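Quick heads-up: structures coming right below.
Paired with subunit B in one complex and with subunit C in the other, subunit A is shared by the two complexes that follow.
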Partner chain A sequence: MHTTTHKKANRKKMRRYLPIYFMALPALIYIFINNYIPMGGMVIAFKNYKFNKGIWGSDWAGFKNFEFLFRTKDAWLITRNTLLYNLAFIVLDTVIAIALAILLNEIRSKRCKKFYQTVLLLPYLLSMVIVSYLVYGFLSPDQGFVNKTILSSLGLQGQNWYAKPEIWPFLIVFVHLWVIVGYNSVIYLSTLVGIDKSYYEAADVDGATMWQKIRYITLPNLKPTVITLCLLSIGRIFYSDFGLFYQVPLNSGTLYDVTSTIDTYVYRGLMQSSNVSMSSAAGVYQSLVGFVLVLFANWVVNKISKENALF
Partner chain B sequence: MKRTNRNFRIGCHIVLILVSLIILIPFLLLLSSSFTEEQTLIAKGYSILPREISLEAYRYLFGGAGNIVRAYGITFLVTAIGTSAGLLMTVLLAYALSVKDLPFRKLISFLVFFTMLFNGGLIPTYMMYTNVFHIKNTLAALIVPSLMVNAFFVIIARSFFETNIPKEVVEAGRIDGCGEIRIFFKVVMPMSLPIMATIGLMIGLGYWNNWTNGLYYITDKNLFSVQQLLTEMVKNMQALQSGELAGMDPSTVQNLPSTSLRMATAVVSVIPVMLIYPIFQKYFVKGIAVGAVKG
Partner chain C sequence: MKMRKLTVWTMAACVTASTLAAAGFAQSGKAEEETAHLELYAMSFGGNNDSLEKVNQAVNDYIKPLIHADVKLNIVNYGSYAQQVNLMMSGSEPVDLMLSTGPLTSNLAGQGALTELDELLENYGGDIVEVMGEDVLASCRYGGEVYAVPTNRDLARSVCYYYRDDINQELGLGLENAKTLEDIEKCFEIMHEKDPDMAGIAGNNTQSLMGAWNWDAISNNYGVLLNLGEELKVENLYESEDYIKMVKLMHEWYQKGYIFQEITTSTVSNPDLFATGKMLGFFANGNPTSDNSQSQMLGGPIKHIELVEPYMSSTTVQTACWTIPHNSENPEKAMELLNLMYTDPVLVNLLCYGIEGENYVVKDAENGIIGYPDGQNSQTKTYDNTIGWTWGNMLIGYTWEGDDPDVHAQMIEFNNSAKRSKALGFTFDPTNVQNETTACANVAAKYTIGIESGALDPDEALPKFQEELKSAGIDQIIEEKQRQLDEWAAANAE
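Showing the complex of A and B:
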């Protein structure tokens, strides 16, 4: 008796929820295809991939592809580049974005504030292709602003900047900051606006200086946002913005030593040297280490301040 | 005391004006170059203010150059289809996941969230789309891969529905005998316009600016999006520089996009983004706040 009513209730519940599952279905099918099937496709890294045999028909290769990958000096190079650039990005993004947010927050005139904010967010809306055009406007060997206007007015010889690896680490970092810092500072600003004004009033009564207020009120209040953003970046530390490293240096071969990251390596393996097995090994290396790093970063945050953890 | 505050504020303005200049000058350079007469451009290079104003590049762009107009058409089409389909799928899933007592809700949420932490990577994705679904050189290649449903947007929309749609409203709909789907479209959606605008704009921007799908899956010039066309133009200018085209037929080299035309194409590709920017900013800054808090 009891079980039949229970079943009936359950069936009724399912019937009620059927339309809701139906609503969820299109996106779930999409996520299954776009995200989950490729996870299964990662076995390709453990195969000796032959185009005519397909992924499942190709022979197993065990860890051979990984062995080959880590024996090349590319493996070290792309890992080093990806990690070092990301570390530089995390530190500089945070420091500069917070500084800009604090400055923005001091602006009293509504119109000025709106203007600065509008300009700061602008680069975030551009594609990396457009950014590469902007950079090219300055660095083009023949018509670039740097060669044709700045250097020639100083009587100096123009340079082929796209063949000078020594300047690109700085350029890449600068371009990254140019694109992202405004966006991050708006995030920090939205936290700053929420800080209770009475803290500052109390500090004023106590005669606190500008710097003391920043040090003891502003920064501690920003901590949760800083942790969240840094956590997200650390989780992505094995990934790079493909466009920044591929489009902005115009895929210039002389710059590969300083512009190759795991993402550009995987892409070039797929498209150019058609060395699919090794670059898919690099892809799996990226996915796995990246995953471990997210879990690790989240675990650390769970230890120090639980409420800021992502999951 | 007052004095230091005032000096500090002036300092703030100075720094922010400098930063604004650093951001705006590259745009000026691009804009001026697109309006500069071709020969002047070749002789004197790109400049922050135009030297010899000429509309030649724009006349050419909107007039004869068929592939550029076509590329805009493709980009508009792809953005329109992708954004409406993607937005609809995203909010429907998000709404389903916001129904508190839905069986398997936790499991489904986790499977969606997990895609943010782990992915198969480019090569398996590429293999699947080309070998199983055969989307190479089809319009679907620009619409389907990676851009349609993003787990992050699903989570943002879900938390919006959870906090902003009162249970009573949905219950009232049920008592009136409305089906769940009708409730969503008639009751929930009209209350959710801000979040739909935010997510729609983000998805749309993603489609408009995307160049990777074209790079991976499209070789047919008839299907080039604006971004891919711009990428190809870059490749051509590189090829010219490195002398790879030295042995090429002179007429082909002559037909390569001229310097100012390249810049004009880039300018025109940014214009739609600038047009929606005011709306974007209104919803986007709110969206950022939601996103940052929720992670």
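Showing the complex of A and C:
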């Protein structure tokens, strides 16, 4: 008896929400076609792919296509690079963007505020190819601003920056921040603008300092936005901005150890060795490790604040 | 409600009818013409190619009555050619005739991307076999089947240093008397003193500065025959004395500023680099026509110094060859067109030099010598005539002004007299060491450009490079190569 009422209730609920499901249908179909059907292509990674035999006609190869990844340090390097860069991005993006948003929020002159906001946002609108040439303008070994103007005026010997892997982790992070921070700060700023002014007025009455207001009013109010943005980035922690890692270092071979991420590695693999199976093997590796990571990140969030978890 | 249903059905019927009608049209159109369409892909090295469409039209006008097919000439820049090809093969776009280069061919053949040509050659390409000879075609066998037809050109190669003679004379460098790398170094010293901005060696990061030197690369440089293949002993190139000596010299030159400083990051091609006027020369392969063809390409008088004597190996034969990809819809027609490209001088001249009167004029009808029309030169030309060596059999076409009238005969003589690697005719099948080869290629991509262009200090980088190659499995590749080579040699001795 109990179960039938339960079922009935369920069916009723179902009928009530049916229009909503129906509305979601186009998007669901799109996701199915775009994201789920291509997953079938993963099978290439386990095949000895021949162009003339097609995907299903090719022979099975087991895990043989994965061997090359683990034969050298490549698998470890690209995993490490992708992860560490993304972690650095998540932390620094958040901290610096929030700091900028608070600063912007304190500016009284409307015109100045608009001006700074635009200036900060501008790099985000540039193509990575253009960014790469801006960087090149500074770092070109022959004509670059750093070698030709700064170092030579100090009487120092110019360096071939594109052959110095040790500086690139910082450079990549710096370029990334330069590009992205303006955009993120705008998102945080919109949250800041929405905070009820009466909190600040009350704080003023109580004689709170500027720092105390930030610490006890602004930051707690930003928390949901921060968590959502962080979670979104964590979900994409195994992807990398292709332009940033491929174009900006100008695909310089010497820098591969510090600039190769899984995306650029797969791209290079397919372009150079033209071996489809091995490239997909690297792609499958990326998806698998990424999947595990997202599960892990979600588990951590579940522990910290349950209502913000993805699932 | 009923009304609406009716409307829907009417609309559906209309759509279906129009689709059917369109299909019907397409079919009737096809029946009338019966012309097969071919897609052809070849490469260029940059430069203006505005006349391509016109030349394409002329080619079609000429071949349509002969083989009942028309062709679309797709010319892709050399730097992105391999990438483009990989994308085309993966995307299954129809490609009927495709120019290919050594390692690319073996890679594609190994993955079943190419059509086996033996039967097609027999039925539609008999003339090609006659022109090229069975023994040269044998160099393009992969696992027993012919997958590619080499173009008839310099099947052997020397390695030369090419330089702008006008700059040489202007600065009084004395390169005309230089014979060895040491001599060249002395000239560079003078050059650097007189014009510190001038680079003695140009290049970019799409290709190693040295390319092949005095070794038979056996398709991929991981395991080579040293000394131009004097012995059938596969060795590790990157640990050989020749290689180490060479990269040390390059590093020295790079540090002294003799080599283009941006070489590891630049992707600019030679013609564009030389347009800056700050480049003196570069290393490249040579043959009897190279001075002239390089002058054409770079827009200035080019001379050469031969550094490695002419030699022929499977790799040099495979440098440029034509293939018919597996997704060709008309392999027979493709082979017919290819056959024409090896035997029909009219077609060859069209492809190599463009349209008479527009892209070239006959200067000496008796000897078949042609040159630019008035008002055109290598800078203002509108058809890329520097890639003649890729168009099948250029040796039956005209001779360009400035080349010896008998240059085609010289070329054949050059091929016949070149030193032959002992492994000529052997092709390596990488299937068993695919993982090792890919791993080595990834390692090499990291180091070769930097080390061979002199930008990296070999004392630091080379040991790392060698070690990573070892862990990537270069020794297994060498072993496998030696095994296949021994088998091949034994089979050949019988």
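Basically, the second predicted complex is superposed on the first by the 245 of 311 C-alpha atoms of A that agree within 3 Å, B and C clash if a C-alpha of one lies under 4 Å from a C-alpha of the other, contacts with A are read in each partner's own complex, and residues count from 1 in each chain.
The working rule: a residue touches a chain if its C-beta (ideal position, glycine included) is under 8 Å from a C-beta of that chain, and two chains touch if they have at least 3 such contacts.
On a predicted model such as this, the values are computed, not experimentally measured, just so you know.
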Quick one: is A:P141 in contact with subunit B, with subunit C, with both, or with neither? Answer first, second, both or neither. both
Which partner does A:F238 reach: the first (subunit B), the second (subunit C), both, or neither? neither
After the superposition on A, what does A:F46 contact: first (subunit B), second (subunit C), both or neither? neither
One more residue to check, A:F89. First (subunit B), second (subunit C), both or neither? neither
Counting only touches as set out at the top, which of subunit B and subunit C does A:F68 meet: first, second, both, neither? second
If you stack the two complexes on chain A, which partner ends up touching A:Y256: first (subunit B), second (subunit C), both, or neither? second
Which superposed partner A:M128 touches (first subunit B, second subunit C, both, neither): first
Does the superposition put A:R268 against subunit B (first), subunit C (second), both, or neither? second
Counting touched residues of subunit A, say whether subunit B or subunit C comes out ahead. B
Based on the superposed arrangement, let me know which partner A:F291 touches: subunit B (first), subunit C (second), both, or neither? first
Interface residues of subunit A shared by subunit B and subunit C, listed 136, 140-142, 162, 250-252, 269-271, 276
Seen from subunit B, its contact residues with subunit A in the complex are 1, 4-5, 8-9, 12-13, 15-16, 19-20, 22-24, 26-27, 29-30, 33, 41-42, 44-48, 88-90, 92-93, 95-97, 99, 102-103, 108, 111-113, 115, 117-128, 131, 144-146, 148-149, 151, 154, 179-181, 184, 205, 208-212, 216, 227, 230-231, 234-235, 237-238, 241, 259, 262-263, 266, 269-270, 273, 277, 280-281, 284-285, 288-289, 292, 295
List of subunit C residues in touch with subunit A within their complex: 82-83, 85-86, 89-90, 92, 104, 107-108, 111-113, 205, 261-262, 264-265, 325-327, 434-439, 441-443, 445-450, 455-456, 461, 468, 471-473
The subunit A residues in contact with subunit C across the complex are 49-53, 64-65, 67-68, 71-74, 136, 140-142, 160, 162-163, 250-254, 256-257, 268-276, 278
Over in the complex, which subunit A residues touch subunit B? Could you list them? 13-14, 16-17, 19-24, 26-28, 30-31, 33-42, 44, 54-55, 100, 103-104, 106-108, 112, 115-123, 125-130, 132-138, 140-145, 147-149, 162, 178, 182-183, 186-187, 190-191, 207, 209-210, 225, 228-229, 231-232, 235, 242-243, 247, 250-252, 263, 266-267, 269-271, 276, 279-280, 283-284, 286-287, 290-291, 294-295, 310-311
